[in-house]
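Chains: A, B, C and D, in written order; residue numbering restarts at 1 for each.
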Amino acid sequence: MTALMADYRTTRARSMEWVAALSAEDCCAQSMPDASPAKWHLAHTTWFFETFVLEAHEVGFQPFHPALKVIFNSYYNQVGDKHPRAQRGLLTRPSLGEVKEYRANVDARMVRLMESTQLPDALQDLIALGLHHEQQHQELLITDIKHLFSYSPLYPSYFTPVAGPTIQTPPRPAPTWLPLDAGVAQIGHAGDGFFFDNERPHHSVFVQACALRSHLVSNAEYLAFVQDGGYANPAHWLSEGWEWCRQHARLAPLYWKQVADTWMEFTLQGLQPLRLQDPVIHVSYFEADAFARWAGARLPTEAEWELGVSRYAEGGAQGLVQLFDAAWQWTQSSYAAYPGFRPATGAVGEYNGKFMVNQYVLRGGSSATPAGHSRKTYRNFFPAGACWQFSGIRLARDGVCA
Amino acid sequence: MTALMADYRTTRARSMEWVAALSAEDCCAQSMPDASPAKWHLAHTTWFFETFVLEAHEVGFQPFHPALKVIFNSYYNQVGDKHPRAQRGLLTRPSLGEVKEYRANVDARMVRLMESTQLPDALQDLIALGLHHEQQHQELLITDIKHLFSYSPLYPSYFTPVAGPTIQTPPRPAPTWLPLDAGVAQIGHAGDGFFFDNERPHHSVFVQACALRSHLVSNAEYLAFVQDGGYANPAHWLSEGWEWCRQHARLAPLYWKQVADTWMEFTLQGLQPLRLQDPVIHVSYFEADAFARWAGARLPTEAEWELGVSRYAEGGAQGLVQLFDAAWQWTQSSYAAYPGFRPATGAVGEYNGKFMVNQYVLRGGSSATPAGHSRKTYRNFFPAGACWQFSGIRLARDGVCA
Amino acid sequence: MTALMADYRTTRARSMEWVAALSAEDCCAQSMPDASPAKWHLAHTTWFFETFVLEAHEVGFQPFHPALKVIFNSYYNQVGDKHPRAQRGLLTRPSLGEVKEYRANVDARMVRLMESTQLPDALQDLIALGLHHEQQHQELLITDIKHLFSYSPLYPSYFTPVAGPTIQTPPRPAPTWLPLDAGVAQIGHAGDGFFFDNERPHHSVFVQACALRSHLVSNAEYLAFVQDGGYANPAHWLSEGWEWCRQHARLAPLYWKQVADTWMEFTLQGLQPLRLQDPVIHVSYFEADAFARWAGARLPTEAEWELGVSRYAEGGAQGLVQLFDAAWQWTQSSYAAYPGFRPATGAVGEYNGKFMVNQYVLRGGSSATPAGHSRKTYRNFFPAGACWQFSGIRLARDGVCA
Amino acid sequence: MTALMADYRTTRARSMEWVAALSAEDCCAQSMPDASPAKWHLAHTTWFFETFVLEAHEVGFQPFHPALKVIFNSYYNQVGDKHPRAQRGLLTRPSLGEVKEYRANVDARMVRLMESTQLPDALQDLIALGLHHEQQHQELLITDIKHLFSYSPLYPSYFTPVAGPTIQTPPRPAPTWLPLDAGVAQIGHAGDGFFFDNERPHHSVFVQACALRSHLVSNAEYLAFVQDGGYANPAHWLSEGWEWCRQHARLAPLYWKQVADTWMEFTLQGLQPLRLQDPVIHVSYFEADAFARWAGARLPTEAEWELGVSRYAEGGAQGLVQLFDAAWQWTQSSYAAYPGFRPATGAVGEYNGKFMVNQYVLRGGSSATPAGHSRKTYRNFFPAGACWQFSGIRLARDGVCA
């Protein structure tokens, strides 16, 4: 209980810290249907605790405000009506101040609940799920704010070194290929500790001989692809990726911008010169796949990625770096149920399973991922055209490479 | 000069009063591409003075902020780049506070300019144009806020009796038909006083014998049309209007909502029971035209409307009421140049002329029109499907009626 | 009766002649929702006689085929269900051969009806309406086939000098301005002879002093506009026209095509070098309006056009040419009811009135208009963006010009 | 050579047989961008031989008609320009007759080439690829014609018992579950015989214990799902599937139609009463997945399906039926490269690889699949929303079932 309570306080506090630099207006706007206002993230994560924990377990439960139940439901059909997703930016009421009150109210009641009684394990698990859910929304909050600010002619800077996420430029040695042998191996979550339902069951897979690249693809490497006419040659691209480029007039990653002769990148610190040694970020699956084909390589499967971590980051051997703190790494694996997958019971069973179509798995974590949130078996997923996330590229190759 | 200065102070102050009840969040959101955030209205009207007056006439002009020149340009191609209209709601920066500073800064410089020198007539006219422009945006600000709030599940109330516009319910005597004789008459602006370029020249038209309805169509009358299956019978509708109903699933005016068995209307005071004696508002041209056909009447031409005012409101005779303070009145006249029309010179020549296609003229004024803004020759215009304005219906009939 | 019967035979035969050069495949395809397959035109015009004449007046009426009643209804809501307009090209059944049988069957029954009895006037009028309706569809058939063929990489030629419409290049003297005096005058159809309901009533209008151009704008003149950067300067364009150019990537008239350094035009005889002395055709209202503004002129009103014909083509004076056989002439007049307009009774009342919104009137006639179909009071109408019709430009000017 | 020549004649003749019942109009129309006109299929398959075989290997090659190279290219970027896919229905020229001439011309030249010389193996493989390509288009021709006819108010019948594909209703014993053991096994094409590049390499996979259903889901079973409110309960559906139902207003399979109280189905023999014992067809992946969840089962992976065939159709055991002649069977496997996949070299390398995203694999074959075309390792693929193919459902279950 003490640990859960501490986690609760830490996680809930981080959400507030991460909006400290934002105005009420910044927190209200929605730049596209796929993104949500920061205020909505703050309220929806609170709604999760109110709806799934307090409503079921608080004695004499009264909702903070009945309308919020609809407004801040995201996609749980079993819980009732939802506000249309594309209209979240029109919710000027409740105000940011009122949402903060909502958070404080729910926090006080949650603390009271956690203090008052020895919680059953299932309830503790549900609260832990709520906290991991909030951590996911913390990263989304950052990616959504960045997307919003990218539309501003003022190129605002979000970055506040103390409170916000940081982007590190690790020193970059020469990348190497790290081989994996063919054979049966196990992937998926096993043992204790928190996990999402989609990480289970722990199960056997057969993996072919292959190799993973030690480092992520850098901006310099991706720039070479751009300058080699990568976006103008359909031979590199999936057919749908080629159409996607045409439709979005895409000639470089989402936030790259050529000013005079200089490549700039819109970042959380505003418009900055492109840092060539940094991993490329904000690429879609289509771009990651096209780059890999151009480079004579391919994207890893999620099994290869996970086994690579087991061997080259956790095991005796070392060498696989930039795993959890630089950029999510597209895999070639379509997001699907593991064999024997069972969704969690109740409404939270809508958490993962119903999205298992037309999405691709990303592994690892990014500079915007809250510390401790991700892990080796974690399965992030987005549609192939998504690029407003901190998504990058790790290459793989068939066979054993030197 | 004194009068102009007084007008300047009054008009500029009214904009601030009309947003006094709104939060920064309320002022930032944009509910559809046709509507603009309140903050944008506040800034754009200021931009008008800065760009067209100060930039040309202030000694040692420096822009308040160079980026605002793009951000708050609406549609003046001759003035340079524009921020995309549909993305005005993404402008969380500059903040509402900064926009208020922008207003204060420009106001101080405008007052200094007006105090410092005897302004040439053309410049005085330009400033007057800027004030009338701001009054137009004051009404748009109200209609846009109402539209925004209509999406909120909280049904917010904007209305503050002291500062905001009021909706009056005049006592309703039995409406009558007021006849007009056939013959040549003159319409359009003549003489002194402010006018928009589209009100000129004063010119002759031939008008047929007809009659105008003394009062606007009431909610009660419109409800009879609804209850008679008006929205389900294509015989009442223009072909494009019929498609418009299908496309928007329209079964009643925009803000009407049937709750259980009661007709409610979303208003500036939130969701309220439908006031049957009030004029129907927020109808499109298509709806106004369909209602008129169902009622065995038609919409007036703008010439008939204007001549009706001359005879029955300004002249000896009386009887034409609800002209300027209840609801704009759709006419059957397509918005077109008067014979001999010449747009104003310079960029402000883009003010009116370039919109003269696929729009219909509305005459009069509404409860949201600033006092003194409209006049007999004033030509408001919107596309036939627009219904978020305070637009209502005055009927006309061919021939002389009893 | 004899005259009507002769008209019937002539008009019905012309439709068959005009498709003689087309294959069944040519007659089946639909290039856009606004256009219809030739086969549909052949059948719909037949449906008109079967539905409005035979069904009401034939003894022992039996439909040729019950399903055709739905398939070939265009827009008559009072007559029942309609096949979706955008799916007319999917009607591979009935075949062209079966439609020809349908025509022959209805023709035989119509002739029998006309021979058997002295028809009441109203029925004669209805048959005449059906023939003028068919003539309208004959022109549409040509414009729709041209549009269809314009998509073909083979640039097919429709033109067969004997059977089809011809495009004449009249010798081109120097155009002049023909003045009209200000004053009250009458327009609209009067007297005997066929007319559509929208040409009535004959009524008074007040026309300002102005002048009309003797000739239509030529390709050479329009090319000067193109080469002067006409499509790149928003100052020439209505705001909506400017957007229309962007949206359709329009840089020249619809069927113009620059091949190497030569301007070509897709015609009914295939791709041909642009004939500079011919009137420009296939321009939208937006283009006509922009050209006129660039040329320091304007488009005429429909009243000016009609009075110009009365004075300079019918009256003593001469000089107004290229009226009925070169290209329809856009007017600045929105398509609206004449004062006192009453739609025809019954379902044919849907013929004209319900389209009186967001369309602009064209006057005259084109090289594809069947001989004798048009007249001075004829009001053709299309939306401002339509350009697949044979639509051209006649200029007007305010005041009296030398 | 003799065998290849015989295959060539048989396959090419089948295409002609399958259009024998269609008119030129039927062969020209295109009902949606995803479907192609029959004429296009006839010409494109011919273009394949002309472009990939004759152009490279015929002495003194001259194209039948230069324009056809563009018109009938489908998606081979390396081969040059393409006619826009959505405009294939506008190709009234060349006519069906000319396309038949094109076929005859290319056939004669192909036969001459095959007779004249001992073809190298690579060329024989290319010709075989062309024949299998044509067989694929034969099935598409049937599905596209069915889709086109489904829009006709006349409900045309395509079916001609002698020449066309047949739909068999096998006697239906009680279905059973057929178990598969966990372990490593091999899938993918091995050995001789024709295969597409996407069926290789033969490789190891790990399969969990599971069971496959002996028979396909029948219309009766699917009707139970419909009548149980299957389309109204989001709990059965993937999130994107639920949206897909809303967007397409789908309440039953594509061609089902409730007439009064009777369920009918549009078939190649026109509108017919639903045959309850037949396998359900024309379901999307979304529908197949939702049905499976409702039934307490799931879709098989493609490895499970292929191993099931090895064991229960080819091996000693029997029991897995309705494999290749009833309906393609959706698997839960996203269409992806097998480990070590290498696309074929040259332009035909665009055949499969570039579509490996956002598609799902279907296994088996349907009543419209040409005899001998499919095989155990064959991987058909379509987007999750596709339902105009003859696609059905085979269920699977985790673990070993009785």
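List of remarks:
As a convention for this text, a contact is a pair of C-beta atoms (placed from the backbone, for glycine too) under 8 Å apart; a residue touches a chain by one contact, two chains touch by 3 or more.
Everything numeric in this text was worked out from a predicted model, so none of it was measured.
Comparing mean CA positions across the assembly, the chain most remote from chain D is B. With centres taken as mean Cα positions, chain C sits 37 Å from chain B.
Each chain gets one centre point, the mean of its Cα atoms, and the points for chain A and chain B are 46 Å apart.
With centres taken as mean Cα positions, chain C sits 58 Å from chain A.
Among the residues of chain C, none is in touch with two or more other chains.
If the chains shown are joined wherever they touch, the resulting network closes on itself as one ring, and no chain has more or fewer than two partners.
Residues 23-29, 31, 67, 70-71, 83, 87, 89-96, 148, 151-154, 156 of chain C are the ones that touch chain D when the two sit in their complex. Within the complex, the chain C residues that touch chain B are 75, 77-78, 182, 184, 203-206, 208, 210, 234-235, 237-242, 285-286, 289, 298, 332-334, 336-337, 339-340, 354-358, 384, 398-399.
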